[in-house]
Structure formats: C-alpha cells, structure tokens
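Each structure below is given as structure tokens.
First subunit A sits with subunit B, and in the next complex the same chain sits with subunit C.
What follows is the complex of A and B.
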C-alpha cells in the first residue's frame, strides 16, 4: 500500500526535471526584461550620438574664393571687419555695429558673421553618424547626383562654439549659450527657495512635531502626494500665481524694471522651487532619520536645548545626506520641461539673461523646440543639446554619489 | 553601595546659590519652532493653492454660457474654435497612451524587479541597478526625441508607413513605458526585498525552485507594494507631458486606436499655453479645467496606492 503513495523513481525524476526546466525558462525571461531595458538605454544614447555627428551637404551662396583672396580662416580682425563692410549693405552693417561695436567683437565672432551673412552657407541635407561611417560611398554618390556643386563635409554639431554662441534662427549657427545661462539662473533661484524651506520643513517634521499628532500626519501625507502631482500642474500653478497674480513682483515692476511681463526667470525659478520642494523635504527627512538617537540624547544629557541639539548635532551629521538629496532635486529641476513651457519660456532669445527679471529660455526648452522642427539640421542640434544636457546631469549625479560615498557615516 | 554614594560629588550646601530647575522661557527657541512650523505648513498651503487656483479658473470656465458641466464631461469633441469642449477627446488619448505604457512597463518592470531581488548576485545587482537609475534620471524631453526620431521610424518600418503616421500614440506609449519601467522596477524590488528571508528559506527547504519560490511565496507576500508601484506608475503615465507632446501629434481626436495621432490632456495644455494665449479667454480657462481633472485623477491614484500599502501590507515582525 505504502508503495503506491510515492511516485516511482523515473516519474519523480521527470517531474523534478520539468520543474527545473520551467524555472530556468522563467529565469531567462526575467533576465531578458532587464536586457531589454539596457537595450533601450543603449538605443537612446546611440540614437542621440548618431544624430549629433555626421556628414552634411551644404552649398555657398557666394564662393569664399571670390570674396577674399586670402583664405577666410587666415584673416585677422581688421581684415574681417573690412570684408564685412565691403560686402554688406550699409544698413545691415550699421545694424550689426549698433548691436555690438565691430571693433569690440572677437575674431571668432566676426568669422561667424562673415560665414553667416556673406558666404551664406545653406545646409541641404544631413546624414547620421553611423550611415556616415559605414556608407560613405553611397552618400558621396547620392550627393554627386542630387546636389551637384554642393560640398560634403563631416561635421560635429557639438563643438565648443555650440556652447558659447547664442541662439540663432539658422541651425548652422545656433548655440546653447543663452539656454545654459537660463537653466543656471532658474536652477539657482529654485534651489535657493527649496533648500531652506525644505530643510526647515524636514527638521520640523522629524525633530519637533509629535509623530502622533493629526497635523503632522496630514502634512506628511500631503508631502507624499505633492511629490506625485504631475509637473504640468505645477506649471499651471506658476502661471496663475507667479506670472499673473504676483506680476508686479516677478516682472520686477516693484523694483523699477519696466520692460517685462511676468514671464521671467524669477517666475520659472519659483515654480521649479515649489516643484522640487517635496523631493528636498523627503530626502532631508531620510537623512535626519538616519542620525541615531544616541547623539540627540547625548546632547540633551549635557543640557542642550532642542534647537542647540538640532543645530550643532543633528544637522552636521545629516548634512551629507541632505546635500546629496538636494543635488538630485537640482538635476530634476534641470531636466524638467513642461512647467517651463506653461510659465512661458521664450523660445527665441539671443541675449544672455541679465537678472531674475529677464526673459529666458532653458536647455530642455531648446531641445523640445528643435526636436519639433521638421528640418533635419535642427534635429542634429537637438541631439547636440541633449548631449550637453545629459553631461550636465551626469556631472550633478556623479557629484551626489561622490558626496555620499565620501561623507557617509555608518552608525 | 554605600562606598559608591560616598564617592559622588558632594551635594551643594543649602545656603549656596539656589538652582532653579523650572523650565526657562526661551524666546529664541519658541520663535525658531514657530518659523519651522510655518515652513512645514507651507506644503499644505501649496496643495491648497493648487486646488484654489485650478478650481477658481475652472469655475470661470464652467460658468461660461458656451460650455456646460455636462457637455464637458459627456461629449467627445474638443474644438475650442467652434465652442466644443468635450474632454473625452483628450481623455481617450491619455487612456490609450497610458495603457500602452503600462503594457510595456508592467511585465518588464516586474520581471526586472524579480530578477534583481531573487536571482541576481550582489555583484550583478551593483551593475544592473545603476543602469535602471540612469534610465530613470533621463529627462522626459529626451525620451520625446527618442520616440519621434528612433522608435517611430522603427515602428513605421515594422508596420508599414501607410499604416502608421509620423505622429502616433503607439510610439509615445511604448517610450513612456520605457520611462516608467525603472520606477515600477525599483518600487517592486523594494517590496520584494522587504519580504523576510525566513519565507524564502522555508520555500527552498520545501524543495521549491527559485521560480516557484518567487511566484508562489515572495511575490504574493509583496503584493501590496507591487500594487502600489503599478498605480504610481499609472499616475506618472497619466501626468507625463513631454513624450506625448513631441511624439503623439497635435490634433484632439476621440479615438482609442494606437496607430492614430491624438492629443492627450497634458499635451494639449502644453501646446495651447506654449503659444501666445491671452488671459481670461475661454481657451485659457479651459486649460485649468483640464489641469483640475488631471490633478484629481493623479491625486486619487496616489491616495489609492497609499491606501493599498497601509491596508494590505503583510506584517512579519
């Protein structure tokens, strides 16, 4: 009888083998999910790199050889100015001179003007990097057939000039200088609002408020919910409050600035500050929570008041964690786009922002604008701007990780 | 005992300086606590102002003779130029893209979480987890670029250019899924790792394979956390703006067909407010009505996920 209760040896072996086969298959499935995620990340990065470099086909409206006997690259400042004077109409020259006096412009700037205004480069077609590398012959054949007389050149859209030149309506001459400054201004305003407020709120919740009080629970739940509110809703809040209701303050009218409306860096910075506030609070709370109670009790034991305990013992110990969290909040503010669109980042600005009351544009806004354009040369500069943005974010996050590893204490 | 007492410092005599042990009034301390409370309370103020601002402007919209409450919630045409404000035209696109995103993110995110928590060696985990974190840290506008210039051409090659336009909800949804994947993976992994080892060991002691232990013991034990992750992911998908603004088109249309172009609630707000919009027009106020719907939906989802965690959490200690 007892014998029938157990399966025979072969059946058992088969059963176990089948179960382990299933287990193995599923392990492969689980692993492949991760591999798909890695694949997606690589595709994204390769796609951006692919777009930012590659062959371009362009033509000159005026041949450089006809404009100047010497190669333009070798001309010095005075020669370049003379060239501009000869070839531009007087009105156009005076207009440029009024914007910025010619003699004060650098050689690089003048060279750019000569290329843009006199030679008038026109990009006819761009090729992505991988096609340029592996399919050169086909590209050359196509160019010879379709664009006779045009020049083919390998171009990196991401150059040092790309970082230092302001916006332009022509992709060939556009840069992200104004956008970078806008992003820096906006993030500084956001963080100088969110950091003190966020740390203060975290101290109150962790060190002062009684954990059981209803008020404390409401504030805590509320912070968790604020962290989940879509960023575009914060944009609408910023539009209604900072741009419109507080227009006198954010446009700078109270301070004697007259030439702007509420759509300024200050509005954007404050909106972004409110957006990252819950993140800063939650991170700071975690950091304060990690400070062991023994330190607080030691402080109370020698007669410190609550604030003395917090200021001299809890905060110094929690500081690395708070800083790490704040840097992560900063990188969130750098990459956020939707609220800036709502608050009204200008899309075309070629002057550096001069203060909190100027109009502005930001890096993600430029990426959005350029991606939305139909011409492929704008996609190329969008890709170059994405690389700038990603490098910026990577630097921020690497700093955060370094800080964490360098100062982290274990109790 | 007695020797110990004797060795302590001598008790001050009665006629030395009297020590007051009563609590001192410290103005500075009280002031600081008050400031900190105000700062903490500011977060409540933010929520209140969101509700007031959105509600106030939305009320202006609903009070306009051109629109009615019923028309807004029950009709399916959104064409402000001819006075049609049926939010379902926008909601349908939001639902479609979010559904596609969840179809992508849910299986991939959950599988990744199970692999990381149950299979991966500590070394493999230390390599794989940062990759997911990088994926989570990429700004959404970059995902928008990726959707429009990589995924869309890829899908058009696969499905055929005549079936799939340059702007479509499928590509936006898929990329949104990739964006949400790390969120679901990391939240689920936290839930799985929180399951005590004793359960794992008990399962293995009974002869379970790793797969059986994961699916029959560990995942059920972590179900509340996984559920919360899914709902938070959904709320992110509903509120996501830039991917859909770039890749899913700029025409409001009532459709659930992922191959078509349609505008979500968020993309509509972004497009309209990106132009030169004059204040206090019906178009302007309608954006606040949409944003209010968006806020209420995401708030409900977030509260629901918190409720799931507190209601269904398995307590082991």
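What follows is the complex of A and C.
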C-alpha cells in the first residue's frame, strides 16, 4: 500500500519538525532583508536631518547692538533705509538702489540687506545635529578655545525663508526659491509633453495595434527597455536634439527671445519628458489592460465603434491608474539630476525663471552643487534642500496613493 | 441572391469559422425562424459560443479568426466587404454569459447605447420602456441614478437585456445568459424570454438541457466530429422532436444524459 511509502510515527514527527525548521529559516531570512532595508532608509533620513540642523559658530563684522540705537529687529522701513545709507559707501548704495529702488523694497528685504552688507555674518563652523544635542560641552569648549569672541547658536537651516529666498553666494542667505521654481517649470513642461503623448501611445498599443504583429512586438520591447536606459543617456539626447539641433525653438529665437541659448527650461523639460515617456506609456498600458474585457464586449455589443468604446468606457475606467502612474513619473522627473547637468542647468542663478526660455536651475542640481562646496555651511543647506526635495517627492507619491485608493474600482 | 423566405430571421450557408489554421466550426447550415427561440446545445468546446458570436461578428475581435461561407440576413451576407460590423451589432444585440453592465448609473447603461446609435427620441421614455421590457422597471424606477453595480446578478443580467432591447435589434443573441444566476433569477430570465420573442428573434446558447427544452422552439445540436475535432450542427429540428424523437443517436445519448 502507498501508506507505507510516507513517513510514519517517529519519522513523521521528525519530518514535520524539519519542515517547520526550513520554514522558520526562510522567514528569518526575509525578515532580515526587511530590517536591512528599514535600517538603510533610517540611516539616510537621520543623515539628512543630522546635517540640516545644529550649532553654528559665527561672528559679526559689526556688532548689531552697536549699529543703531534701537535693536535692528524693531526698525521700520525708513529707518532701515537710513541705516543702509549711513553705513554703505555711496557707490554700493547707489548700485543697490539701481537694482531695485530702496523705497519699493519690503522690510524683510531691507533687513536682509542690513545683515548681509553691514553686520556681515561670517559662519566659522557648523556642527551636525547629533553632536549638537549630545556633546554640547565639548562644542562649547572647542569654540572658546579656537574662536574667542565668536557666538554659538543653534540653528535650523531649514526655515520658511529658505524656501522663499533666491540663490546666494553666501550660504547663510541662500535659499531654494530659484531651484524650486526651476523644478516646477521643468516638471510641468515634462508632464504636459509626456502625458498626452504617453497616453496616446498606450491607447494605440493596447486597443488598436495587433498584438501578433512583429513590428508591434519590437516596439513594445523597446519601450520596456527604454524605461531602463540610464538617465545620462537621455541627457546626451537632450543636448544633441533640444539644446543643439532645435536651438532656434528651445532658445526662443523663433518667438523673438534673443538673450538666451538652447540651455533653457524648455530643453530640460522636454528632455525629462522623453525620459519619463516610457514610464507613462507602460503605466497607462497597465491601467488600460486592467479594464475588464467584458466592458469592451458590452460596448461593442450595443454597436459602439472602437473609439466610442475607448472614449466612454476604457479611458474613464483606466484614468485613476493612468494618473497614479503619471504622478510617479513626475516624481522621477523631479529627482533626476544627470540629464540636467548635461542639458546645462545653471549652477548659480538668482533670478526666478520667467518662462520656458529662461535659464534655470533645479533642486537636485542645487543640492549637487552645494554638496561639492568645501565650506561646511553649504553642506548644511544642501541637507536642508534635500529635505525639501524629499518632502516634495513624498507629497507626490502620497497623492498617487490617495488617488489610487479613492478611485480604485472593483469589477 | 434573394432566395431567403421571409420567415427566416437569419440563415447560414456552409459556414466555417477558423481560429488561425484550426477549423473550430465546420459547414453549418441553419435557418433561424423569425420570432422564435432557437437553442444551441452541445458538449463543452464544440463551438456553440463561436457560432453564436459569428452572428454579430464579435469574433472579429479575435485577431486570427476568419470565416468561410455566408451568414445571410434579409438576403445580405453579413460578412461581405461592404457590411460594417458596427451596424451588424446594432441589428443583432447580444447578452453575455456573465452580467456585464457598464460601471455607470442604471439610466446611463441604457441611454449610452441609444445615444451612440443616434437615438433622437425621448430618452427618459426609452429608458422606462426598455426597463419595463426587461421586467426590471418596478425594481429600479426609484434608483435610476445609482450604479448598476449595486444590483444583484439577476437584476444586472436583466439590465443587460434592457440595454440590448433599447437599441431595437431584430435578433438577440444570448450566450448562456443564466449560467451565473441562481434558479429564481434564471426563471425570471426564462419568463422574460417568452415575452421577448413576440418582438424579437432569440438565439440562445445553453449548457442546461432542461432550459433548452423549457424555453426554446427550435434546437440545434452541435458536436465535435472528425480528425480535426471541429464542431458542427449534427441535428436541427423543433425542440420537442429533438428531446423526444431525435433522429441522431448521438443527440439521443446527449439529451438523455448518457453522453457529454
């Protein structure tokens, strides 16, 4: 009988125990894999937070308490202007006035000028967050010994001002406003190119193209491969096509813009658009594929044409999926750095982009550039900018998840 | 060509249906009577659904499929080049095996098909008539704006029938319309079919022999045969003859449950 061919009694117990042991080993392996991933992520976040906050040692060229009779925090607009006039050379004041008439500047701007031009903060050293929290005595001792007369203050490099001030050559006054606008412009151009083209291509491939034809199989394979092409290759493509070949278009020369070359937001946006296009196509295809065939059959069954079926039934039901995929593609575009370096993002620019033909910088470029600087205060603002970038990415991804959960259909 | 007598709603001549090189249905000659219910029965995989879907050209969506022979409606071959399959599907409606309402409101489920086919009349009236025609009006008249997915399976299937009669076809194809439903819903669909046949010709594919015997006027018995394992109609006659005095031994074995 076959009964004897299976383990019995004692053997059976041993056999079952052995099976449980194997299961336990695998479970432990998977759990440790998860733990490693969580550790790596925590290390990343701690590292960034560590850099963005902490003690700074700084000194003033002029003591703010001695600059004016009232504390400078309490000065109003006219008093601030008077202070600037008294303390700056005539040439320097006139130059500032020519850039933007003093009386039209806000109190905040004037205050910034006073700090920057008169008080002249100089950062001597920055400390990371955890050292600041747990090793305060050592820091104080070091400051007293090395920088006598300097001030020690706990500073968050990530402030509301950090978001709204433009780029500056001094880390203390630099912000990500320019880069943030650059990123937003670039992503909007990328998406407004990639979304219609990508969805269109996906509809064609999924609903019209014959799955059997060799040509379509080749196209499909290529799209899948394009999604994995290193982004720097797209940078080369953008440089060759958008910056060089289509310079007349991307520099805006065709539209009467004369003061720029092809290294504009438009070039960068289109390059990013090409980069995320395969992602948009694949995601949209998946969403369209997920619409059950029975709905298509129902539509054809009442005499609908292919287009009526696609427009009234397939697209509305695939839309949440398409949107989710597109937002994920957007967050890819926000984070990409390499193509921008090649396409020619400016590393130092303090003017907000004014349109598609402006020179630009973007958040990752700014972070890259700041990290490359020698001074430790730039590393601190780089960490702060990374937090801004991460929050932006998390917001986009959270939106995608919310959309998916809200509109997900069950058939 | 005008050889068809008016009593036939649709007629096939030497109809063979291929999937690639495979001949799924071979040499079918059927004359479907107008205003009657014709059942197509037979074991699984013998090409019943394939044959049914050939009538309204739903097989066109299977990329490798093609058809030899003719399907004639009013003496015109539905597979000739100048015939638009979209027009065919408006004339020959279809109810599927699994209820498949659109993920829209009940009202919109009926109105959409009418609208895309250029219906110019009063839409509210059409929706009411169609729902009454499918014996669903009383159950849904207060929730026309609600999602069709909130209905039960049987109600959904009657909604699909309402959607089909809203576009005023001449023939309604039903592909095992009750196989996913409980006995009570099945009974309601069967009663509904008896009412519908006053205005429409119905062709139904069913696995359920009792159902075929209960509802249909004519029955076509299909079976696989030959080395190619192609399906064909081995016997076609009035239903009571098929079920009481079949001419073919295989039919007798099948309807008495000794086979298949």
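Some observations on this one:
We adopt the following convention: the second predicted complex is superposed on the first by the 381 of 411 C-alpha atoms of A that agree within 3 Å, B and C clash if a C-alpha of one lies under 4 Å from a C-alpha of the other, contacts with A are read in each partner's own complex, and residues count from 1 in each chain.
In this text, contacts are C-beta pairs under 8 Å (C-beta built on N, C-alpha and C of every residue); 3 or more make two chains touch, one makes a residue touch a chain.
Since the structure is predicted, the reported quantities are computational estimates derived from the model, not experimental observations.
Contacts of A:305 after superposition on the shared chain: both subunit B and subunit C are touched. Once the two complexes are laid over each other on the shared chain, residue contacts for A:210 go to subunit C alone; subunit B is not touched.
In the overlay built on the shared chain, the residue A:289 is in contact with neither subunit B nor subunit C.
In the superposition on chain A, A:151 makes contact with neither subunit B nor subunit C.
Once the two complexes are overlaid on the shared chain, A:297 sits against subunit C while remaining clear of subunit B. Of the two partner chains placed by superposition, only subunit B is touched by A:364; subunit C is not. For subunit A, the partner with contacts to more residues, out of subunit B and subunit C, is B.
Contacts of A:313 after superposition: subunit C is touched, whereas subunit B is not reached.
Of the two partner chains, subunit B is the only one touched by A:278; subunit C is not. Under the contact criterion defined above, the residues of subunit A that touch both subunit B in one complex and subunit C in the other are 305. By the touch criterion stated above, subunit C contacts subunit A in their complex at residues 56, 58, 61, 63-64, 86-87, 89-90, 93-94, 96, 98, 100-103, 112-113, 116-117, 160, 163-164, 166-167. On the subunit A side of its complex with subunit B, the touching residues are 19-20, 22-23, 26-27, 29-34, 36-38, 40-41, 43-44, 47-48, 51, 196-197, 200-201, 203-205, 208-209, 218-219, 221-226, 228-233, 235-237, 239-241, 244, 274, 277-278, 281, 305-307, 331, 334-338, 341-342, 344, 364, 367-368, 371-372, 379, 382-383, 386, 389-390, 393, 397. Across the complex, subunit B meets subunit A through its residues 26, 28-29, 32-33, 35-37, 39-44, 46-47, 49-50, 53-54, 57, 107-112, 114-116, 119, 128, 131-132, 134-135, 137-146, 148-150, 178, 181-182, 185, 209-212, 215, 232, 235-236, 238-242, 245-246, 266, 269-270, 273-274, 279, 287-288, 291, 294-295, 298-299, 301-303, 306.
Against subunit C, the residues of subunit A that register as touching in their complex are 210-212, 292, 294-295, 297-305, 308, 312-313, 317, 409, 411.
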